[in-house]
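Each of the two complexes below includes chain A, the first together with chain B, the second together with chain C.
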Partner chain A sequence: MSGVAVGRRASTARPSLWVRLKPRLSVGAWAAPALIWQLVFAAVPLALLVLMSFWTLSEYQVSKEFTLDNYSRLFSDSIYLQAYLRSLLLSFTNALLAILISLPFAYALAFHVKPRRQPLILLIIALPLFTSYLMRMYAWQTVLADNGVVNAAGLHVKLLFTETGIRLGLLSYFCTIVILLLYTAMRLVPPELLEAARNLGATERQVALRVILPQTKLAMAIGGLFAFILTFGDFVATSILGGGQAYLFSAQILDQVRISNWPGAASLAIVMLITLLLAFAIAFRLALGKRTA
Partner chain B sequence: MSSIGAHAGQPPRQRSVAKGILFVYMGLVIAFIFMPIAAMVAFSFNDSGIPSLPWEGFTFRWYEEFANDAALVEGLQNSILLASMVSVISTSIALVTVYFLRRTRWRQKELLTAWVTAPALIPLLMAGLAIFTFFDLVGWTGSRIALACGLSTIGIPFGMAVIRSQLTGVDPAPEEAAINLGASHWTVLTRIVVPQCWSGIAGALLLTFVVGWDEFAISWFVTQFETTLPVQTYEQLGSAFSPKINAVGTIVFFTSLCLTVGAYLVALRPALRRAGR
Partner chain C sequence: MKEFGDSPAVDSIDLVVEPGTFCALIGPSGCGKTTTLRLISGMETPTSGQVLLNGNDVTYVSPRNRKTPLVWQSFALFPHLTVRGNVEFGLRMSGVDSGERRSRAMKLLEYMGLAEMENRPVVTLSGGQRQRVGLARALVMETGILLLDEPLGSLDANLRIVMQSELKKLQRELQLTFVYVTHNQNEALAMADQIVVMNDGHIEQGGSASDVYLRPATQFVAEFVGANNIFGAQVITTNGTHMEVETEIGRFKIASGLGAPDGSERHRAGSAISFVVQASRLRLSTGNGQNVLRGKVITHEFSGALVTTFVELDDGRLLKLQRPEIEVMGREEAPDEMISLTWRPEDVHILPEDR
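Moving on, here comes the complex of A and B:
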């Protein structure tokens, strides 16, 4: 690059300040489309949602009068608190289950499958991600229904339209994502570390639990967070697999939408957002805090 | 990687039993993840009005019923149109943004990456509600174009990731030389950058198409007249049950699968190979 500049300087006069500055200023313009697009179609709508949660609904009309009623209603009516706690519990246990199911799988894949075959298995477990979420949840209906695959296989259990049904549908989805995250983290564990542990007499189990596991803390936090956020914000599995049996927080939002109470829906959505941000903060605190200790 | 085979201090039999258990476990998890898709594809060909065992015989009946269902076919057309718009918008903006990130000397340029990526992390229920509210207030609701604009906020980060991965490791010196010699950014982008990442662009087009094609939650909020295939399916799920939904699901699955595998073959594999894997 300096060679080019020198060549140019030798052949012509030193370029003016404008000529030298122009490329640097004008490159900024290339950031504008993405900046503006996300501002107009993501940030502004979200800000509007926050604003609207303080607006008044009277006689099915939204008016722009400031009120805290939408929020105070959430605290006075115990139905919201119940739904909230229920969603919280479901999301938290889902996150834990997703991590517990995925850990042995990622470990087996990263350390006990030939490296050549690993991409194939990754591809196989990633395949379901290519169908729409809606279709996948619907497909679970076929599996879980009273006359579905599971019950035809001889087990007689009520799965569809129960919380277990919702859980199974969601877990089959997260597990792929959590496995991918954990697998990536495990592949990044330096092989020398494992070798050192083995040379010092560690058994395979000790290597797995005391060397590999601590290295996947961040991936576990991110994966768990994914599962938490997706469960908490889900309304598809809840309505298709829950069938209105499990009354969760997202269903409350939909109910408000159905009766066109937009400020009510907005205030619930804001509560959801705050919850997810808190979960985000806690997950990273857990993952990064313990690492430094 | 030779260390993997070297298990110190454990008898071989115990080791192989432990390995066997791990493999059985892997098989179970794969079955768990795969079961719904397998059931959906299988039952879309089952000659029975209810999606349950026993197997009644092979049929294309449900695909024919899908083809004769005007609402679903219209949904399919809308989905294709919508996905094309999302694909073109997202990829163009992503390309321009990647070019900026490549050329700028701004130290905190990853702030822009974060700003662009953030919308993809918002729960879809919230995003749908927010976008609907916005379009409702500006009086632009229900249209396909509005929905495409909203969905592109999620498509852009995906497109950016693909194009960026294609350009990592590509020498920026020719671009700098061209700028120093007075070329415009447009010339540098179209004559130097694009030829080096055309496969990344193709991959981004395919992947962002999948975003528009598959997305349900936001579409459910925003579209009122021009409903997409997933939305139309959801509406039908509520009314009467029919195995043609399995046929729709199978079509959506294989379309998304082909596009994503296409994106992988066109863009990501060469990029990974160049990265020295």
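Moving on, here comes the complex of A and C:
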């Protein structure tokens, strides 16, 4: 006979319902606070938003009559489409720029600065995040203004109230976060992989491009996504540094709210939400999709 | 010599590995065997001393120009690449065109039995398959030299045995020079032509498997390799072929010929020596005659074909007795049973005293 019998006879009956459910329930209990929070403050408002986007506005009164007008208007009136494309382009290029600017910096910090000194540099980078975002954007106003710091330095360029101005303000914000993200991802690359690459004849450049960069893909995607989402939804930098010159999608939502067109604002918000979800899907597809030979 | 901080990690190492040799560096953790390997591969630069490769001084040559591919215990495969992508990596770095890369990689993958998996991501492979990819990735460089850092350390016991014979076959067939780091003496004894026992940053003994196993040069080697009983003694009388020695646990007669490599007689009456009796050379005795020790059986340890019995002497020291399983099983002594042990004077190895 093989096997070990302990006690009388091993029971072959299925464990009771309670025994089977208990581990799941305890997991559920741990997750409950976050789940309830999300349900009350995210899922329910979102459902209301979707509902409201199909309501009717007539003579500045919202009535709960079902209509598709809010959406059809977005496609028929080119002003919406233009603003949407402008926002899309700005967000996409911002995401790319944030990654391109942050990558070499994070790489230099993670691999060419003594580990002892890295925390100090990280602190210096993160320091602006300790101050209010609004304050920082006003500070940028004084930097970018026609009589501001940049122009005082002899460069005569129009920066404030341009798309470039918005971009500078936003990128200064995003790059810090993207650098932190990429730095963390790079520090998590096993040192053995770098040694293995060098051992197989890779130059430092090849190590960076062929080993570190591919290992940082997910952090790049998340960083880029972050920049994309925040640019697309931002109206602080766009109003303070853009001054209404660049009419962006987020500003349109604000305008609809100002004229109490809640269904109109809701439909715009839904379009924005779908765009961001798509961006999310694309970013993760790029990062986690097919592995290359 | 290589110093980390104030304490040398590796000190005064003099190691020569002939082409086509399977050289194993063994020793406990922290003994400097991995540092030695890293010095050879250029991942560390010695504080003083030289590293020669095929007669050329490569002490300050960067790792990427050394052509000393390494196989890692953790495999260190590139997770973002496929099996073939990993094997081709080194060739790609040195600009070999894709056609040649592919054919060289595939040749090795076929040899390793991994050809069908060429396009699989390495993260989907088992441990043994990953280690084969690691081997192929190093072998594809065709340098004739392979450095292996505990390559079987992450594999389970059965797979380790299979991979041992595969590695040995590979090394023979391709006439490669292997420098193989392991803490597992059985692995080294089974595979290596040259075994280097390291301890505390220096080499204790280098030689063939039978050298370190049968003729340990130092007490450390005697303790680390095999199962040995070590005795400290003083020579009482000597007649050229045999000596009578005095130990804390009695007088014994031992052969004096072993131990001195040049065959000369080195031990005189009064000199202090250490001698070793292998656990497998001890045998049960009736209790009469010379070289008899009495002790209490503590426990039996079964490991395959051999049984190791631990016997405690009156003064508390433990002796190891190894017997074939077939002689012991079913009639092993009960714990606390008193038994007598003996050995033939010729079964003794005297540690060279100048070490």
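By our rule, the second predicted complex is superposed on the first by the 251 of 293 C-alpha atoms of A that agree within 3 Å, B and C clash if a C-alpha of one lies under 4 Å from a C-alpha of the other, contacts with A are read in each partner's own complex, and residues count from 1 in each chain.
Convention: contacts are C-beta pairs under 8 Å (C-beta built on N, C-alpha and C of every residue); 3 or more make two chains touch, one makes a residue touch a chain.
Since this is a predicted model, take the numbers as computed values, not measurements.
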{"item": "Which superposed partner A:75 touches (first chain B, second chain C, both, neither)", "value": "neither"}
{"item": "Partner chain in contact with A:18 - chain B first, chain C second, else both or neither", "value": "neither"}
{"item": "Touched partner set for A:195, first chain B, second chain C, both or neither", "value": "both"}
{"item": "Which superposed partner A:66 touches (first chain B, second chain C, both, neither)", "value": "neither"}
{"item": "Partner chain(s) touched by A:49 [first = chain B, second = chain C, both, neither]", "value": "first"}
{"item": "Touching partner for A:33 - first (chain B), second (chain C), both, neither", "value": "first"}
{"item": "Larger contact residue set on chain A - chain B or chain C", "value": "B"}
{"item": "Which superposed partner A:210 touches (first chain B, second chain C, both, neither)", "value": "second"}
{"item": "Chain A positions touched by chain B in one structure and by chain C in the second", "value": "195, 198-199, 201-203"}
{"item": "Sites on chain C touched by chain A in the complex", "value": "41, 43, 62-65, 67-70, 72, 74, 76-82, 84-85, 89-90, 92-94, 119, 121, 137-138, 141"}
{"item": "List of chain B residues in touch with chain A within their complex", "value": "1, 3-4, 6-10, 15, 18-19, 22-23, 25-26, 29-30, 32-37, 39-40, 43, 50-54, 92-94, 96-97, 99-100, 103-105, 112, 115-116, 118-119, 121-127, 129-131, 133-134, 137, 149-150, 152-153, 156, 160, 173, 176-177, 179-182, 185, 210, 213-217, 221, 230, 233-234, 237, 245-246, 248-249, 252-253, 256-257, 260"}
{"item": "For the chain A and chain C complex, residues of the former touching the latter", "value": "190, 192-193, 195-203, 206, 210-211, 214-215, 217, 291-293"}
{"item": "Of chain A, residues touching chain B in the complex", "value": "1, 4-5, 8, 19, 23-24, 26-28, 30-31, 33-35, 37-38, 41-42, 44-46, 48-49, 52, 101-102, 104-105, 107-109, 111-112, 115, 121, 124-125, 127-128, 130-136, 138-140, 142-143, 145, 147-149, 152, 169, 171-172, 175-176, 179, 191, 194-195, 198-199, 201-204, 229-230, 232-236, 240, 250, 253, 257, 262, 265-266, 269, 272-273, 276"}
